[in-house]
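Order of writing sets the chain letters: A, B, C and D. Residues in each chain are counted from 1.
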Amino acid sequence: MYIRPVQPDDLDNLCILAKNSGVGVTSLPDNKQKMQAKLERSLTSFDKTRPVHDRQYLFALMDEKTNAMAGICALEAAIGHDEVWYNYHVGKSVHASSDIGVHKVTQTLYLSNDLTGSSEIATLFLMPEYRGNQNGQLLSRSRYMFLADFPELFGESIIAEMRGYSDENGNSPFWESLGRHFFQMEFSDADYLTGLGNKAFIAELMPKFPIYVPMLSQAAQETIGKVHPQTEPALAMLMSEGFEFNNYVDIFDAGPSVSAKIKDIRAVKESKLFNVALSENAPEADLTDKHGLLLVSNRGFEDYRVILINKAAASDGSIVLSKAQANILNVQEGSQVRAVSLRPTENK
Amino acid sequence: MLVVRPSTFVDLPSIERLLNETDARVTTLPKDRDKLSEKISRSDDAFGGSGDPDKPASFLFALEDTETNELHGTCGIDTHAGSGYPFFNYRLDEVVHASHHLDISSRVPILFLSHELTGKTLLQSFTITPSLKDTDAFELLSRARLLYIAAQQERFNSEVIVEIQGIFNEKGDCAFWDAVGRKFFDLDFLTADYYCSVKSKTFMSELIPQHPVYVPLLPDEARANIAKNHEAANRTCQLLYREGFSQSKFIDPFDGGPVLTGNLHQSYTMRTLKSKKAKPSNVIGGLKYLISNQSASDFRCTIGTLVDGIGETIRIPLEIAEALNVQEGDSISYSPL
Amino acid sequence: MLVVRPSTFVDLPSIERLLNETDARVTTLPKDRDKLSEKISRSDDAFGGSGDPDKPASFLFALEDTETNELHGTCGIDTHAGSGYPFFNYRLDEVVHASHHLDISSRVPILFLSHELTGKTLLQSFTITPSLKDTDAFELLSRARLLYIAAQQERFNSEVIVEIQGIFNEKGDCAFWDAVGRKFFDLDFLTADYYCSVKSKTFMSELIPQHPVYVPLLPDEARANIAKNHEAANRTCQLLYREGFSQSKFIDPFDGGPVLTGNLHQSYTMRTLKSKKAKPSNVIGGLKYLISNQSASDFRCTIGTLVDGIGETIRIPLEIAEALNVQEGDSISYSPL
Amino acid sequence: MYIRPVQPDDLDNLCILAKNSGVGVTSLPDNKQKMQAKLERSLTSFDKTRPVHDRQYLFALMDEKTNAMAGICALEAAIGHDEVWYNYHVGKSVHASSDIGVHKVTQTLYLSNDLTGSSEIATLFLMPEYRGNQNGQLLSRSRYMFLADFPELFGESIIAEMRGYSDENGNSPFWESLGRHFFQMEFSDADYLTGLGNKAFIAELMPKFPIYVPMLSQAAQETIGKVHPQTEPALAMLMSEGFEFNNYVDIFDAGPSVSAKIKDIRAVKESKLFNVALSENAPEADLTDKHGLLLVSNRGFEDYRVILINKAAASDGSIVLSKAQANILNVQEGSQVRAVSLRPTENK
């Protein structure tokens, strides 16, 4: 399995992924035209014909045996550039009067465009039959290698927006208590519309004034900054890389936004450069050994590649690859690659 | 005979008794002797006319039975609502949320904190012995203020406002308060109300939530009570509507009760008010009128029957003249009941 | 004879010529043929009475010289200001900033974005050949709309509003715009104005700043121009004041010009309006009146002299009857100039 | 020179400092009653009779030769507890319309109480005659040692509010453009009143709605987040410890607030525990060698002490002190002390 940028002939592959991703993944609409546009955007990002701030880099997880596309993930260079990026900033209002001995801190939601210009950990989808075998880890964390290799293409900070809490029927208590009053539609519809990139309606319909949290239903209050149960593993992965809740939440479902400075991301900070040595004795990657794996990138750009190798392959300044591995990475003896432990060490 | 006159310090214990008898919410009449005494003192200054006439002044009147010397009610006027500080209300407005693209258009009711009524003439501190509630005395006490204003128009803004008691139950629970103010003031309704009457205004600006309140976010009961008056205020509202007052866009920020507004010059009292020279006489028959002596400092107003005709003099019953402290040739003003 | 009548597609080139002749700012009349054609089409539907009578409709009238068939002006009415979308204004209000402790109290003027006028009857699209500006034609064109509304009252809100052009100079610089809107729209005044007339309303809600504007933060010139009308609008204002309109608290969010508001029923036109059966005759002398045929779909209005008397019939000059397309026994309505 | 908590008999000393501090240092009013209250607050903080969140710890820099008080500094356990803490949050408003091709990011100031509950690096004043000889560094950075020794007494984050820009006549362009319209007083008066702890008037007079930065004067816009020239060294010191601008500014002069997580402060993170060894050969501290000094704390609480020693005194796990140094620190052979380099290493 390896990571590479999407290619011009990937449209059919992408459409299959989109079809399989379901309604939960709004950034992968089951719509050929939309997916075509998404592909175009990535291709013009990787060939650098698109302005730096407008790029979205789409990566595919490929199965070298079948040549099937197993999953996809993306990095957005800068959010809120051609559209307006909305969040609620979770702030505090303090009402205090020494005269009558009242001191009350009230959580308050401010409609905000503050995250405009940040980079974003965007879309991720892995085909169900490929779950397991570290594929999710490889797909997700390979992006940090790209950030480490090309920090100049991104902002200082990067965010990830986490799907917020909704119950088993797909109802979001936050939406029921707030958005519904203004949007006159179901949560899923609103979410779908934004996924399609149709954000003008948000400016038109959103409540513009700050919302005092105690005015929302108890259930809504409790979901502010809370992720969907299915998103908890993704959140845990981000936290393990150093991401933290930044006090911004989604305007529809109040899911948290987490952020990190790119230079402080664990995989970025700890990754190192190595010289490639080719050898038939390169140790095989043991995918059952969670902590025995390294992410390795070829530091290429339009032919970017990332694979997993055995930790034992790395020693001071050099790394041993098999012929097959080197072929996938498109590197030779003496090439420079970047590598880092797939996961942070446990006791960290 | 029931007469409305300026209150004095002598009235203090009677007012306290009155406040205990009635459970109407009279924020402007504190159940605290020092504060009450302060209020009468301010009123004294106002009637005395000392101080800058452009500065806020606050008048307090008493309804007295001249036979028993008993006090049966109070009413008041502030020349400047807020008395120089913000006079807080919520203004019930609507915002339109419409999307061209989605062909959605809806009007969302919203409450904006507003100072707009600051500085208007405020009728307040109305309280009356329960047994007199359904008598003419109610009207006398309420409308006497307009007769006082009429005689002193330069001191008052011609826009007049009255805050009407909103809805709360016997236990003192107020759904509007619980949904809005309580979340910031951390006090139950009655306590907040009490503080309002005895504390300086500072705490209001410190505690009142500054951001608008989207009405759809409020619980049903609170929403339903917006701009609704308490049953106990029905008579007051009726009387004010007849005066030409009407519901404004403003509500009380505490209990959500309506604020009625009216223009002095378009009020029933002003439109029907006449002023003539009095001639104390034995008068028999006639229609009932509110009659005042037009005095700024020693105001008197009562109800009597008059036979109005042409000419610049009007005969008034001897006992009325006495109650109003009026001699032959003094001006009186009168308006039909 | 000058007659006001519904506009038709035939008027398109004439309206374009008119817009080029006058430099008045008429946002509601786009200098773009497609948009203009769309507007006439909407007006056609409105006059035709097709569609839900409760839905927003927009009428466009033309002022035509029936002898030369030349077009000399336009005017319009929207049944619902905003046509179902928010109708944006700034509402000039004040907030009171007072400190008990420091004995400071001041009123700070502030502009709140408001949708309050959304859905009122809006008079708009007024433009007239410059040479007719100081003639009775001006009054005819402006007031004809009230005669139309009078004949169709159920279709219109009785609260009527007019946006008056604010102050900008020959170069198209508008101090208010530069201090407020420009900072968010990133466009000069004329371009923004142009977009307003040709683009969908979406961009307004996307770009207009949502937070209130503290007036003291504005530069002197912008502050001074708040609620001031452009000299070119003097005649319009005078006429509207005489109609009983007055300055409201609302101003245009682009140029800061005033919004005048009036109640239909209290307007001069409505108060003096009479309706009688017409009897076309040779009439000599009399006073000048605006006379309309009261038709919803084929409205005509002109100026003529009438001698009004008692009785349910009124004699009208033959040429007026012809211009209004009125036969003996048809109803006409008229109001003195 | 050494650091210790203020003591009951320090009132006169404190009043002398207050008199010398001038109007610029609003937290040290030249008012005996106020200073008495300040002293009381610190004493009840160090004797733990005051609730944890309400404590302010005042430290004095003492001259052991003359027993004179050379300076003072403070740590506030939690701000905004009995009063309301105001800042402007510097946020973004984005106005964009794809229809007409406009995309505009506008800095916007939101009146905020968000920092409520943070700890604070508060007051610092050093008598002019003691400036130099690392006294400023010792006074300022000794606080990080206290944070390292007693993190449980503080919040997760700590802030410092920096004096904003004003010109040589003491005029703040930000105040002139904004506050003056609402407060009807001079900047210095408003500042003085807050310094006295009189904050009710802020709630009463402050503009409550967000302020679009482009509506302010050019000069005011430029001072947002800018420190007073005299405060630049203090800012540099905080930055060197890992503090960063947190997008909150002062409501009067728009001076920046900077913050750090306590655990991430350089001196906290890098400080280590050592065992004391007494020796007459302990190297003398060379105050001219900027990078040759260590901060050493005795880890006491009510008898807290910090001094500077020579870096050469420390070796693996133990530190050599002279008798005199140990006396000041009130430690014996074998006691455990905390030490860290006074300054971060240059190439960091």
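The rule is simple: a residue touches a chain if its C-beta (ideal position, glycine included) is under 8 Å from a C-beta of that chain, and two chains touch if they have at least 3 such contacts.
According to UniProt, the chain labels map to these proteins: A, B, C, D = Arginine N-succinyltransferase.
Given the structure is predicted, the values throughout are model-derived calculations rather than measurements.
Student: Where are there more C-beta contacts: A-C or C-D?
Tutor: Output for the comparison: C-D.
Student: Measure off the straight-line distance from the CA centroid of chain B to the CA centroid of chain C, and report it in whole Å.
Tutor: 41
Student: How many Å are there between the centre of chain A and the centre of chain D, using C-alpha atoms for each centre?
Tutor: Here the centre of chain D sits 38 Å away from the centre of chain A.
Student: Between chain A and chain C, what is the gap in Å from one C-alpha centre to the other?
Tutor: Centres of chain A and chain C (C-alpha means) sit 53 Å apart.
Student: Using CA atom averages as chain centres, what separation in Å is found between chain C and chain D?
Tutor: 62
Student: For chain C, which residues are shared contacts with two or more other chains?
Tutor: Those would be 95, 97-101, 200, 202, 205-206, 210.
Student: Two or more other chains in contact with one residue: find those residues in chain A.
Tutor: Touching at least two other chains: 84, 93, 95-97, 99, 200, 204, 208.
Student: Which of line, ring, star, complete or other matches the graph of chains that touch?
Tutor: Per interface graph, the chains form a complete graph.
Student: Quick check: in the complex, which residue numbers of chain B touch chain A?
Tutor: Contact set of chain B toward chain A: 95, 97-102, 104, 106, 108, 110, 179, 183-187, 195, 199-200, 202-203, 206-214, 216-218.
Student: For a test of understanding, state which residues of chain B touch chain D in their complex under the given definition.
Tutor: 202, 205-206, 210
Student: What does chain D use to touch chain C in their complex?
Tutor: Of all residues in chain D, those touching chain C are 93, 95-97, 99-100, 102, 104, 106, 108, 177-178, 181-185, 193, 198, 200-201, 204-212, 214-216.
Student: Can you list the chain D residues touching chain A in their complex?
Tutor: Per the touch definition, chain D meets chain A at residues 80-85, 89, 91-99, 103, 105, 110, 112-114, 116-117, 200, 247.
Student: For chain C, which residues are in contact with chain B within the complex?
Tutor: It is residues 82, 84-87, 93-101, 105, 107, 112, 114-116, 118, 200-202, 205 of chain C that touch chain B.
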